[in-house]
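Before anything else, here is the set of structures, which you'll find just below.
Here subunit A shows up in two complexes: once beside subunit B, once beside subunit C.
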Partner chain A sequence: MFGRPNLYTSYDQEAQIFPTWSKKIAVGLFVLTLFLLPFDVPLFTDEIPVLKSIPIIGSLIGEGIPLARFLGDETWLRPISLVLVLAIAALGLNLLAGVAGQVSLGHAFFMGVGGTTAAFLGGESGDGLYGLGLPIWIWLPGAGVAAALVGILISPVAVRLRGLYLAIVTLGLVFLGIHLGNTSWGRKFAGAPGLGRRFQELDIRIWKEDVPLVNVGDDGHWLWFDVTDNQKRYLFLLVATIVMALLAKNLIRTRTGRALQAIRDRDIAAEVMGVPEFKYKVIAFAISSFYAGMGGALFAALSGQMLGTDYNLFLSVEFIAILLIGGAGTVSGTLIGTFFVVMIPQFVEEITKWLSGKEGGIVGTFADGVLAGPDDFGVIATGTQSPGWQLSVFDWNIVLFGVLIVVFLIVEPLGLYGVWIRVRNYWKQWPFSY
Partner chain B sequence: MTATTAPRGWSYSLGKISTGGWFLIGIGIPLGGYLVYELFDDPVLFFQTTMKSFGLGSVYAIVALGFVLIFKATQTVNFAQGALAASGALFVSYAVFDGHIPFTTLRNPLIEIEPEWLGWSLSVVMALAFSAMLGLLIERLAIRPMVGQPLFSVAVITLGLEIVLRVFNNDAVEVDFRSLEIPYGTGGFTVGDAIVNWSYIAAMITATVAFVAVYIFYRTRTGIAMRAVAFDQEAAMAQGINVGKVFAIAWAAGAVLAAIGGIFATQPPVKQTGAVEPETANIAFRALPAVILGGLDSATGALVGGLIVGFAEIFAGQYLAGQTDLLGPGYTLIVPYVVMIVALLVRPYGLFGTPEIRRV
Partner chain C sequence: MSDAINPIADIPLIEIDEITLRFGGVTAIGGVSFSVRPDELFAIIGPNGAGKTSIFNTISGVYRPQDGDIRWKGESIIGTRPDRVANLGIARTFQNIELFPQMTVLDNLLTGRHIRMDSSWLAGSLWVGKAKKEEMANRRKVEDIIDFLEIEQWRKHPVALLPYGYQKRVELGRALAMDPELLLLDEPVAGMNLEETEDMARFVLDIQRELGIAIILVEHDMGLVMDIADRVMVLDFGQRISLGTPAEVQKDPAVIAAYLGSEFAQTSETSR
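Now for the complex of A and B:
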């Protein structure tokens, strides 16, 4: 029914982005689900009596357990939108580190360049800030182009270095970038240190003062749907991410993509075969920075505030973690990795909140009475100030993030993509084990 | 026979100056001239700045030595060095205040009591032992299982460890900074009109001792084993060298050096407070340019790189202070990175680093 996935009768067939029918259908259904995600899909909300009548699931929906009320809930759209934004930037790092093998810790710097440029191009001037107030179709690509130019500017240094030397030099860029934003002239673009500047909405308009074609900032009404601003933002980011992901997937299969992979596998061998190393490394830096710049601009647009210190080393490390957890070198792995890295702390936070007794669960009562004082559940401090070794939920999330990186690399060096490959191969050959 | 090329020695004795060389000369001559002008303009200030630079450079050299030791054995940069430094300094603080070490007399701000050297030294020894144990623990749990895996994965593991350790360290010092009760305090003495802090001298002595210790260690049996492991892990293993043991020793020594660096990171050239703060952990990121500048695998490079970076940072802080408006507040912190990037343009493997031999 699904054909023979490993049989290719032509080169074109093998080079397809989605080579098999099953893959096409699966990806199509997945994208469709993503488009429906922000709306109240009746199947998953408690309005439909069918699901409610099933004993366990029904009670879960009623109780409002995070995992079950996940889809219908507006508050979850913010983190998912964040996944989409970071996915765009992560795709860029994937092209640089995963496909071309140039591991950079400076991705946050290029995001910052993009964010600042977008704030300058699209923001309003005044209050000692520069701004041009241009529409989104200029500032969004403009952010990418500016970051790409900076990437090209830096690549003569970067191309000469390899391995950890490159990682540490690019790490220096992050500190450099945050500092430049704090200088007296940098402030005019990036806003006051620690405060940042207000970032424009994602409104789509033809020129500066026109009435927006799509007004993302406000709630609205499309066809027969009521759409909130969060839903509109999500849909915009979803389209952007899908376009960028397809472009990345396409790039990998082209001449450029093959050249980059050759450089990753063995740079000298690639050069011997006639791949100009310098040229393609510069291209890799430029494209990667372009993605990072767009990601950085959208990152600021999502939070509504451009804050220079947001583009810090931790963000860079987060991208490295995304690549390693998802599986470096693959687009789907990057997307899965982004989802995993961004959402796991969110889930943990929801679960710890739920456990800490605020919702009156059994565990919470136990915790209140036995383990700790009225406000604390075991080692998780629910107050903002954490006494002694009781870390706050936020701190535990960071610890969990670090432990996740360590454990993943030790247990599964290929990342989630490696897990998927193993599961797929098992079922491909089932019921035979070899 | 006609000589078509110049005699062999020629290119070595005079040599063609490369682009990078011209670049350095172009920067070096005006810079040196300016510094000579400053020297005659205000010798006291110049001397004071020089001593401060030596102090900061020595601190960077100590931390850089820790990086180099771990890199030499495991071929990875230990990004957790900063958190280990902060942990070490915290251990000292805990040992002094809560360790019930004999001969410790805490200084009371109301009654001036002479600080107790013996008790404090015992506390430091205990804290360093704890740091070594922490290093061993990390090596055993997180690094040993990664033998044979891509080197970058190991580096990222240390990044993860840095994140985790930092949370625990910060939790202890977030609200109240923890004092280290160092006997000589943050004070200093005067030479003529110049003020020199005791901690500068202490850092210089410690850096020298650490460098000599590493130099001697490289010539012991274990040190030779470590260099063999650095050269080729598999070949070393085939010769009967216990690679795991080498890893463990390198991590313990690296953690101890980090802890010493952490103690100095609370002292004047770096911080004025003499107490552990969340920023103490940043000493490793500030020392990284020194490591890269000197070359990741060279102890000499760590010393030289540390001093160069220290000098650049302090001198820039002293003599460019008039330009703060243009350069932005806190510009001294990025001077090391600028120096590093410029130096790497000329020498991609640092001043003393071994270039990687690449084959098809």
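Now for the complex of A and C:
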């Protein structure tokens, strides 16, 4: 077991998702950390006396590691929950664009279909709104199925297009979706334009009973822990994301996944090998839309409000950025990419906030140079209004995204996943270079 | 029908009957006929642009001929989609390697097994009993092919990183993984050195004799073709100019005229 690493004695053993013990342990610990994340972990409180006593490091992070202190902090749970929701949708686009090679800009549209369907199935009727008030085990898969059906409906058109043309056609879907939501008929499902409709909680009910089987929407008590509603939502989404990620991983490494990759790499050769291109492209669209639909429903559930205009072009582009930065075609790359794309703005904001409180020392001097106060030359505007040419933190984030996409396309097309592979291989072979 | 001793050999595996393929004004194949027996190594040679690869593309359903018929075990397969043709048991390799470059050698070969597997996307993503069992069983089959072609060390490599000669071998393996009855090999030794060519010739002969798979071979390496083929067909400008055993074809004045010019042919009158 420990004597010869990477020695497999059966195909069964080799085919496991986490074949080695080191991988099993690492992933196990990581998942455990994710489950503990919303709770107070004593290690990461603001003051760390041990670190403070170390000369230089102490002055830097003695008052708390700037990024780690969100552990156990309620305000950080929402962006991290958003990572989980968008990860589910991104896994879908990864199957379509990364694995099957069909670049779609219409992912937000399918999310919108899912969100609207879920609002209709699970929401209450009244105020000119349609709603059936069905339990979550109907509306969540229902959102996915509805989006998948719409995906199948448009796939005969999409299958005949490739590359740029497909991207443009699917781009049109986003505007079509927002328009449909604004029609008098669409408003009965999606709510008034700009206002949306209230979205139901993630409560798990058997049928329409008043007291849910599992109450996710309110603070409560699970086992021997006190949990708030945000923590509950986070845990629910975490389980959903892990399940969907495992399903995607299995799909990619089995017969269907290989067929999709074959179509991506060489479509004519794939057909000659006996892979019906049309059928598998439709399957790719359907599964990708299913993921998008579920993601869209959970996206609305997280914000508590279903707003049609949230499912816009910017969201679609964000998914493209996720795939490019994370690494298209791999499940882990997609997950890393989602974390990166959603959390980078939060981190930048946090660091800026942390820097602006600093005076003197190395950090203080740096902060003085970077941040624009009332009368100096920094590049980041800290006030609510930009004092001149300096950009605010929000604007800097947009700049950062553009730069990151360009850099990854040029330097590392495999994204962060590719970086990880390189680092891993370096240490695997160390101290030899080959 | 006179050869009553071996009636099976009389029924051709595939029959190409007067097929004509035109691209606009260009006639790529002009009324070519031939048939291949179930145990035969049939070679097609001819100068560049003679229509050799076009014949492969019409057989595997990529092109649809304007005229003529292709019969597989007596039944017409004209207009059948490429993936259905593959399901019948016709596998092929390509002139310019058409492997799936981002996939590993193992995944490429397993993609070849696609038509011999039947688990759905749902079973696959749930990784439940049958799908898992099927994966393992087909992995074993693929390992046999890896063994046969001696590419064990490349198993986990993305094929794009492999040397050219090995890529050709993997492509042969991917076609073999389909368990075909007829294998179409499009220039399997193009651009190879002598040693690699001889390795490939050995594989081709083993496939024909030990696995009992009929082969249609398109190749420019005359030495190889004349050594291993049972029968040879010569094409020029989409026309069949000769068909027979290698010895017969080599003596055919029409072939000599096509390859070396009519002044080298013993008689300038050719029987087109």
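Here is the rule we go by: the second predicted complex is superposed on the first by the 358 of 434 C-alpha atoms of A that agree within 3 Å, B and C clash if a C-alpha of one lies under 4 Å from a C-alpha of the other, contacts with A are read in each partner's own complex, and residues count from 1 in each chain.
Throughout what follows, a contact is a pair of C-beta atoms (placed from the backbone, for glycine too) under 8 Å apart; a residue touches a chain by one contact, two chains touch by 3 or more.
It should be emphasised that the depicted structure is a prediction, and the values quoted were computed from it without experimental measurement.
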| item | value |
| --- | --- |
| Clash or fit, subunit B versus subunit C on superposed subunit A | fit |
| Partner chain in contact with A:401 - subunit B first, subunit C second, else both or neither | first |
| Touched partner set for A:147, first subunit B, second subunit C, both or neither | neither |
| Which of subunit B and subunit C A:12 touches, first, second, both or neither | second |
| Vertex subunit A; arms to subunit B and subunit C (CA centroids, nearest 10 degrees) | 70 |
| Contacts of A:265 with subunit B and subunit C, given as first, second, both or neither | second |
| Subunit B versus subunit C as contact partner of A:186, first or second or both or neither | first |
| Partner chain in contact with A:297 - subunit B first, subunit C second, else both or neither | neither |
| Touching partner for A:163 - first (subunit B), second (subunit C), both, neither | first |
| Comparing the two partners subunit B and subunit C, which touches a greater set of residues in subunit A | B |
| Lowest inter-chain C-alpha distance for subunit C and subunit B in the superposed arrangement, angstrom | 6 |
| Overlapping contact positions on subunit A, where the subunit C interface meets the subunit B interface | 266, 268-269, 272 |
| Complex contact set, residues of subunit C against subunit A | 60-62, 81-83, 85-87, 91-92, 94, 98-103, 107, 110-112, 114-115, 117, 119-121, 124-127, 131-132, 134-136, 139-140, 143, 174, 178 |
| Interface residues, subunit A side, partner subunit B - complex | 103, 156-157, 160-165, 167-169, 171-172, 175-176, 179-180, 182-186, 266-269, 272, 313-314, 317, 320-321, 324, 385-386, 389, 391, 395, 398-399, 401-406, 409-410, 413 |
| Residue ranges of subunit B in contact with subunit A within the complex | 76-77, 142, 145-146, 149-153, 155-157, 159-164, 167-168, 171, 175, 285, 288-289, 291-292, 296, 325-331, 333-334, 337-338, 340-341, 344-345, 348-350, 356, 358-360 |
| Sites on subunit A touched by subunit C in the complex | 11-12, 15, 247-248, 250-251, 254-259, 261-262, 264-266, 268-277, 283, 287, 329 |
